[in-house]
Structure formats: structure tokens, C-alpha cells
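What follows is a set of notes on a single structure, which appears directly below.
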Amino acid sequence: MTNLYGFIFQFIQLIMTLVLSPLLLGWINQCRYWLQNRQGPGVFQPYRQLVKLFCKDAVLADNASPLFRMTPYFLFACMCLAGTIVPVLATNLPFASVADVIVLVGIFALARVFLALAAMDIGTGFGNLGARREMMIGFLAEPALLMVLFTPAFISHSTALTTIVDTLSHTRFIIYPSMAFAMASYLMVLLAENSRIPVDNPSTHLELTMIHEAMLLEYSARHLALVEWASSIKLYDYFVIGFALFVPWGIASGNHLSSMLLAFLALFIKLAFAGFGLAIVETLSAKMRIFRVPEFLGTAFMLAVLGTLTHFLLEA
Amino acid sequence: MIPLSGQLLNLLAAVFLLIAFAMLAQRRILSLIHLYAYQGLVLSLSTLIVAYSTHQPHLYYSMLLNFLLKVLIVPWILHRLIHRLNVQWDVETLLNIPTTMLIGLALVIFAFNLSLPIVQLAGTINRSTLGIALASVLLSFLMMITRSKAVPQVIGFLALENSLIFAATSITYGMPMMVELGIALDVLVGVFILGVFFFHIRNQFDSLELKHMEKLKDN
Amino acid sequence: MEILLLLFVPLSGGILLALFGNHRLAAELNSIISFLTLINAGFLTARIISYGPIVAFHEQFFVDPFNIFLVTLTALVAFTTSLFSRPYMRIEQHHGKLTENRLRLYHCMYQLFTFTMLLALLTNNMGILWVAMEAATLTTVLLVSLYRTPASLEAAWKYFIICGVGIAQALFGTILLYFAAEKLLGIHSSLLWTHLDKIKDRLDPTVMSVAFVFLLIGYGTKVGLAPMHNWLPDAHAEGPTPISAVLSGLLLNVALYAVVRCKILTDGALHSHFAGNLMIGFGLLSLIVAVFSLSHQKDIKRLFGYSSIEHMGLITFAFGMGGPIANFAGLLHMTVHSLTKSAIFFTVGHAAQKTRTQVMENIRGLLIQSPTVGWGLMLGSLAILGMPPFGVFASEFLILTTAMKQQPWATPLLLMALAVAFAAIFGKVQPMVFGETTAQRTPRPPALLPIFVHLSLVLMLGLFIPMYLANWYREAASLIGY
């Protein structure tokens, strides 16, 4: 019985990942418009965008290899898989036990490698440029992300996300100073990994300093739709990982429908607030020069290491 | 299990360390002064929590003193100073922040290790924060070494003093009141004197860059 | 009561001079206040000699043979320096280097500096000792930068930053000391030296050894121990000469006093020679670094600044060895060094004024223009180089013989260092004194009395040490212990 419920929840979670991620993106954009005193197209704009793109005919470059065509599907699959591993609504998910946080980082890295390869596949200047920058950011952000994840792993003596969330959400309330460092670091990694301001500007591909957009220039129609969708899922994944680590309260541990509903409500509120927060961060900061990015991510890494160190000093 | 006050103190200590790092990386003089004020605030708050949870009346005075001096008076003086010197928008070119950060990280590890044997002897609720205090001391040193302008160097010096007081609160619940008063007086007088000093330096060298002041050598 | 008066006189003097320091007779007033301080110190000394150590004002002040000897020395040198500074500063003013306001600042800070020195010596509280040392830095920073030249500002900045950082380490050491003692003594008396001294063998050895390292480096910075000595030559060279004299003659001594007080506690807690060995190491290092820097100096005040580092190294070495004889020698050397060095700075000050330069190549033939200044410099240099029959010879001889017995490996180093110092300083002083003159008359006659008072005292200490003085040194030496 439990197993069946587990699979049902797992399925619900997957659907939610797919459905909620464009909504989250729309919400963030809408908040940004409000903060900039603009009307905005409404929170459902990303759905319309996706529908529009899916309806169009795809155009491919002559020299595009199969890799180029495969990548959008692959990317989409990776992000969806990541979304199913993270305990969003409940902690007893059947899929979650197959992978721990290190695998999670690995999945993101895999997706990144494919995207970068596809960007270089056509051989345009912008594609190469974007791929290089993306790899530089990945090279700096991944160690930081790993260090961030190690701090809660040390606290709960496990690298499995479900165990971490269980430990953090269901024991007595304890302040972990190390988690404050980890949180600051995680926020910086989130900004860098999802191509948000101040590292990259997600809303334009007219800048010479663009990173993410430069890699997508050759994609059109359904391919582009998938890649865009995948990146919105990635953002959603990062959000829910953040919730799981730093604000795990409200997550369901049993299989009761009521606790499930509560968890759903909690998730919704958390997403709304976090999205608004991200919009504020993006509105308040200016995009930094690309050469400052290593400094930014170096700081993130340092904060993560500090978090681990303070864990040993203060909480051991 | 650590009691709630202990957890709060640990959190504040972590913030203290964070501010020390932020100071190390901060380029703007004005933001540096704000950071210094925040550091003083964290120091006062943690002293307040210690005072409340251990019922040490002299710590309330110490907290009040710290608050007045380090959150209000000294930052105010520094503000006035940089306005008068017209350097409030000065941005320092710092060489290689990541390297500085890595050195800072190494210093933190060293400080944590050095503090371990001492911490084991202490009986205070916030004893484990000694490592952080010591780390902040070393980071302030590092800041003084890496800075090339006069005002940031002095802020580094003041942060150093903050960290020392933090260390005192963490292992012994603060120093005797008379000594704390004396230290506070020294800090205040020191800031005044340095303020006067900045004007002399600027009059002589037309800037507060310390690179003009490397002329005295043997021979 | 004497203690309070002793502290009150320079403090009120400082305030008084802050108001009237630019008056025509301010320099005389400065001397009178210093003289009153000296008389007070004399009374206090007499009382200690006849009644033994005293503790006063809720145990906040404490006088024993060790610090009363430094109190007297401080008061004496402060007085003679004020006599010297009277004509010196007037000539400086005449040369247009100073305005009246700066002179007021100078007089005020001079008295406040004396006050902080006396406070550091008399206090029983290790925390107040720290506060007084820091205050001494603050008062002298303004004195070093008195001329407001680029060089003097640089020197003062360096002095402030290096000593500030150093003294911060000493604060950390003091915190650790308090931490070690707090469990045994409670909050109110655990920084009081008299209490600490009683329970020193129960202090935790780990904490005390870490604390001593911080205290030694911290106060050692103010002593001018290598490698934290960089500020010292600059501050000596760029400040007004009376300040060089009191820095060398008083401040270094008082900082060393703080180190020795901490060493006594650490020795008691550790029952080992850890503190002593550290001091021997730092002392020897400073000695060697200083003597090798002597030979390539061009500025006369820098030269003698390095010479101060050398002698402080030697004294630190002596206290590091410990034992009654080495401590006796260390105390004697402290006395004779501060007397001789301040006398040298007096003559150097006048010589620099007569030739209008501090560069040694341009100071020539002092003897022709002013035999007293010339001979003063010559005799002072000979004295500081350890020539018999001066007192420095006696103390260096004692240190060397003790070193032969206790640390034989260090003896050749010491001898070599002394020889190098002799060659460097004598080779530079000799042409300055003899030969064609470059000196001119100054608008006022130099103050010769302080020079000859100091030199004759040093001579006396070399020929015979009065009975009560010897007893006094011996008592102090036994207090310091092994």
C-alpha cells in the first residue's frame, strides 16, 4: 500500500514540477515588472510562450549533428529527474532513495555538458562564447554547491536528501549558524547557475556579455521550448532544494492526504515568497562584469567552506 | 543539547565572522563603516544575550558601553571624518580578492585549531565562539595588511579591537568593568587622534594613500 | 597618598599645560611640574625603602622594589629631559619648525605621557597596565608627528599602526591571563597582580603559555624587539629630540617592565624555562639585527635608535636567563642605558641644531664649536658602548659572565655583537666630534646640566653602587626570580 501511495506522490510531484515551473518563472517576472513600476504580461506568460513555440516549425542548421537535436530532450529529462529526487511534498519518495545530493549535482553537471556541447555544435561565435562562459561558471559553482550540500550532510550524517530533510524538519528546532553561511552561499550559486542578475541577464539576448542566451541562439520552435522549459524547471529545482535544506518545515512525512495538502500549501507559499525575494534581489543589483564572476563565486565557495568549518567549531 | 541562548550566540558569532570577511572584501569606505557598525551591533547583542542568560549585571553596562561607542559614536565620527575629507565615495582597488579570501580561510582554520585546547577549559555558555573571535582578530590583521589607504586601515584596527572584546566575552564573560572602560576610552581617544591625523596626512600628501608613506628606510 | 599625588601632578600638569602651554614660561612650568613629580617619587621611594611594599586604593595600586626603582628612574629622566627641552624647543621655535599651538600640544602631551608611564608602573591591575601602555602610544603618536613633515607623519603612522597591532596582541594575552585566573580568583581580583602572584603556580599552564606568547609579542613590540622593531628608528629619528630621549629612556623600559611582570606569572605557572627561552631568543635576535643595522645608518638619531634596540635586546636576554645575577645585571643595565641614552640624545639634539642637520656626514667637528656638546657626545657614546669605567660596562660584564655560565653558546654571539656595535658607532661618532667644524652658534645656550648629571650618574654606577641601591636592585632581582 505504502509503495503505491509513494508512487502516486512521486507522480504528483513530477506533474507539479512540470506545471509549476513556468508559473514560478512567470511570477518572478511579474514581480520584477511590478517592482519596476510596469504592468507586465501576467504570471501565465511563460505558458503562452511555450505553447507558441511548440506550435512552430523547427528550423535546424545544415551542419547540426544529432547531438544538437538530442540535447533539448536530454536536458528536459535531466531536470525532471532532478525534480523527482528532491523531496518537495513528502519525504518517503521511492525515487529519492536511488540518488543522493552528490548525484544531484552530477545530474546538473551532465545537463550542462550537453548544453555546452550542443552550443558549440553549430560552430557559431556566440555559441562558443556562451559555452565557454557557462563552463567557467560551472567549474566555479559546482564545488561551491557541493560544499553547501556537505554542511547539512554533516549535520544529518547522511548525503541522502530525504534523510537530511527528515533530520532538519522533524527534530526540535535548533539554530545552525553553519546553515546561515550555507544559505548565503547557496543563494549566490543559485543566481549564477540559473543565469540570473547579477551574473547573467535572463531576459535579453542582446548583450555581448550574455551567457545562457548565447548558447540557445541556434534553437527554435519545439527545441527552444524544451530548453526554455528545462531551464525554468532547473530554477524550480534549485528553489525546492533550497526549501528542503533551509526551510523544510511543512513537508509531509506520512502518507496522509491532509498532511499532503498542508505540504502543498506550504510549498506554494514558500515559492511565492522566494520568487518575490529573487525578484527583489534582481531588481536591486546590477549585472556585474564577467571578470568579476569568479570573485563572486569564489566568495560563495568560501562561505560554504566557512559554513562547514563553523559546523565543526560550534555544533560538533 | 545547547540551550536556545547558546544557539543564538553561536548564530551571532557566525554573523560576526561573516562581517569580518565582508570587511576584508569590501571596496567602498562608506560600506566599510557600516559594516563596522553592524559588527558593533552584533557584539552588543551577543553581550546582551550573555548578560541576560547568565545574570551578570556588569555585562549590561559593558553592552551599553559597546553599543554607544561602537554602534553610535565611532561610526558617527568616522562618517563625519570621511565627509570632511571628502573621501566617502572612495573605492579602493584591492588586489585579488579570491586570494585574500583563501588566506583568510587558512587563518580561520588556524584560529579554530588554536582555540580548541583553550575552549575546553572554559565554562561559559558561548565558549565555542572563541575560535570565531580569534579568527576575526586574524582577519582584521589581514585587512590591515592588505589595505593601502589610511581610513580602511584604521577601520581594520577598530575591528581588531571589536574582535578582542568579543573574545573576552566568549571565554570569560568580559573583562572587569574598569578595564573595559579604560579600553573604551583608549579607543575613543585613538579615533579622535587619528581623525586629526588624517587631516595632517592629507595636507602633506594630498591623499590618504599610504604608498606615499614608504620613504623611511635605513640608508 | 603619595601614589595618588604622584599620578595627580603630571595629570593636572598636562591639563594645565593644555591651557597655558603656549605661554612664555610654559617650558619652565613643564620643568617645575616634572620636578614636583620627581620629588613625589623621591618621597614614595623613601617610604618603600623604610616600610616595604605597599598596596593602596582597593588594591588598585601596588609598589614594590621592582617598580619603585623604575618610577624613580622615570621621574628623574622626565625631569632632566624637561630641562633639556626648555632651550631645545625654543631653538626649534626660533628655527621656525614649530608654532605656538604645537608647543602647547607638546607640553601637554609630555606631561600626559609621563602620567601614562607612571600609571603603567604603579598599577596593580594588568588590564590597566594595558590601558596605560596604549594611552602612552596615543600620546606619543602626536609627539612624533609634531613637525608635520612628510617623514614625521610617516613615522608616526607606522608607529601607531605597528604598536597598535602589537598592543592588541597584548590585550588578547591579557584576556587569556584573566581567563586563566578568573576560575581561581573570581571576577574582582583576577587581574590584580598581587593576587595573581600568590596563585601563579595554580594557573593553567596551557593557557598561560599561549597568553605569554601573545603578551611577549604585544609588549615586545613596544620594547622594540625584532622583528617588530621597525617603528622604533623612524619614531626616534623623526620626532623632536626630547621625545626620542624619553622614548628610549622611559617607554622601552616600561614596556619591558610589563613583559617581565608577565614572565614572573608564566614561570610560576609553567615551572619550566619556556618564558625565559622565548625572551632569550627574541633578545638575541634583536641584538643581532640591531648591530648589523648600525653600520649603514646615515641619520644620527636613527643610529642611536638602533642602539636602543640593541640594548633592549641585551636586557631582554638578561631577564630571559633569569637568576639573581642576571636579573641584577638587567636592572642595572636598564638604569644605565636609559640615563646614558637620554644623555646621548640631549647632545645629539644640540649637535643637530648647531649643524642644522641630522645626517652624520654633515655633522663635523663639534668639539671646536662647543667642547661640552662634543665631549658629551664622545663620552656618552663611549659609555653606551660599554667602556669602563662607565656603568654600562659593569652591567654588560655581569650579563656576559652569567651568559658564559648559563648559556655558553650565546657568549660568542654577544661578544661579536658588542664588537660590531663598537666599530659601527665609534667609527661614526669620532669624525663628528673631531676635525673641521660645520657647526654654528645657536640663538640660545644648550642645556648642559642634564647631560652631565646623567653621565656622572652612569660613571658613579660604574665605579661603585651605593649600598642601599645595591640592596634595592637585589631585592627587585629576587622578585623577578628565575
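Each chain carries a letter (A, B and C) given by its place in the written order, and its residues are counted from 1.
Note that contacts are C-beta pairs under 8 Å (C-beta built on N, C-alpha and C of every residue); 3 or more make two chains touch, one makes a residue touch a chain.
Remember, predicted model here, so these are calculated numbers, not experimental data.
**Student:** Going by the contact definition above, tell me which chain pair has the most C-beta pairs touching.
**Tutor:** Answer by contact count: the chains B-C.
**Student:** Looking at mean CA positions, which chain is nearest the middle of everything shown?
**Tutor:** Chain closest to the assembly's C-alpha mean: B.
**Student:** So, comparing C-alpha centroids, which chain is the farthest one from chain B?
**Tutor:** A
**Student:** Find the geometric centre of each of chain B and chain C from their Cα atoms only, then give the gap between the two centres in Å, rounded to an integer.
**Tutor:** Each chain reduced to its C-alpha mean, chain B and chain C end up 31 Å apart.
**Student:** Roughly how far is chain A from chain C, centre to centre by C-alpha average, rounded to an integer in Å?
**Tutor:** A distance of 66 Å separates the two centres.
**Student:** Just curious, how far off is chain B from chain A if you go by their C-alpha centres, in Å?
**Tutor:** Result: the chain centres lie 37 Å from each other.
**Student:** Flag every residue of chain A that touches chain B in the complex, lowest number first.
**Tutor:** 172, 174-175, 177-178, 180-181, 184, 294-295, 298-299, 302-303, 305-306, 309-310, 312-315
**Student:** Sort out for me which residues of chain B touch chain C in the complex.
**Tutor:** By the definition above, chain B touches chain C via 58, 114, 117-118, 121-123, 134, 137, 141, 144, 150, 153, 157, 160-161, 164, 167-168, 171-172, 175-176, 178-179, 182-183, 185-186, 189-190, 193-194, 196-197, 200-201, 203-205, 210, 212-216, 218-219.
**Student:** Chain A touches which residues of chain B in the complex?
**Tutor:** 1-2, 4, 7-8, 10-11, 13-15, 17-18, 21, 25, 97-98, 101-102, 104-105, 108-109, 112, 115, 128-129, 131-132
**Student:** Can you name the residues of chain C that touch chain B in the complex?
**Tutor:** By the definition above, chain C touches chain B via 60, 125, 127-128, 130-131, 134-135, 138, 141-142, 145, 148-151, 153-158, 160-161, 164-165, 168, 171-172, 174-176, 178-179, 182-183, 187-188, 190-191, 204, 206-207, 210, 233-234, 237-238, 293, 296-298, 302.
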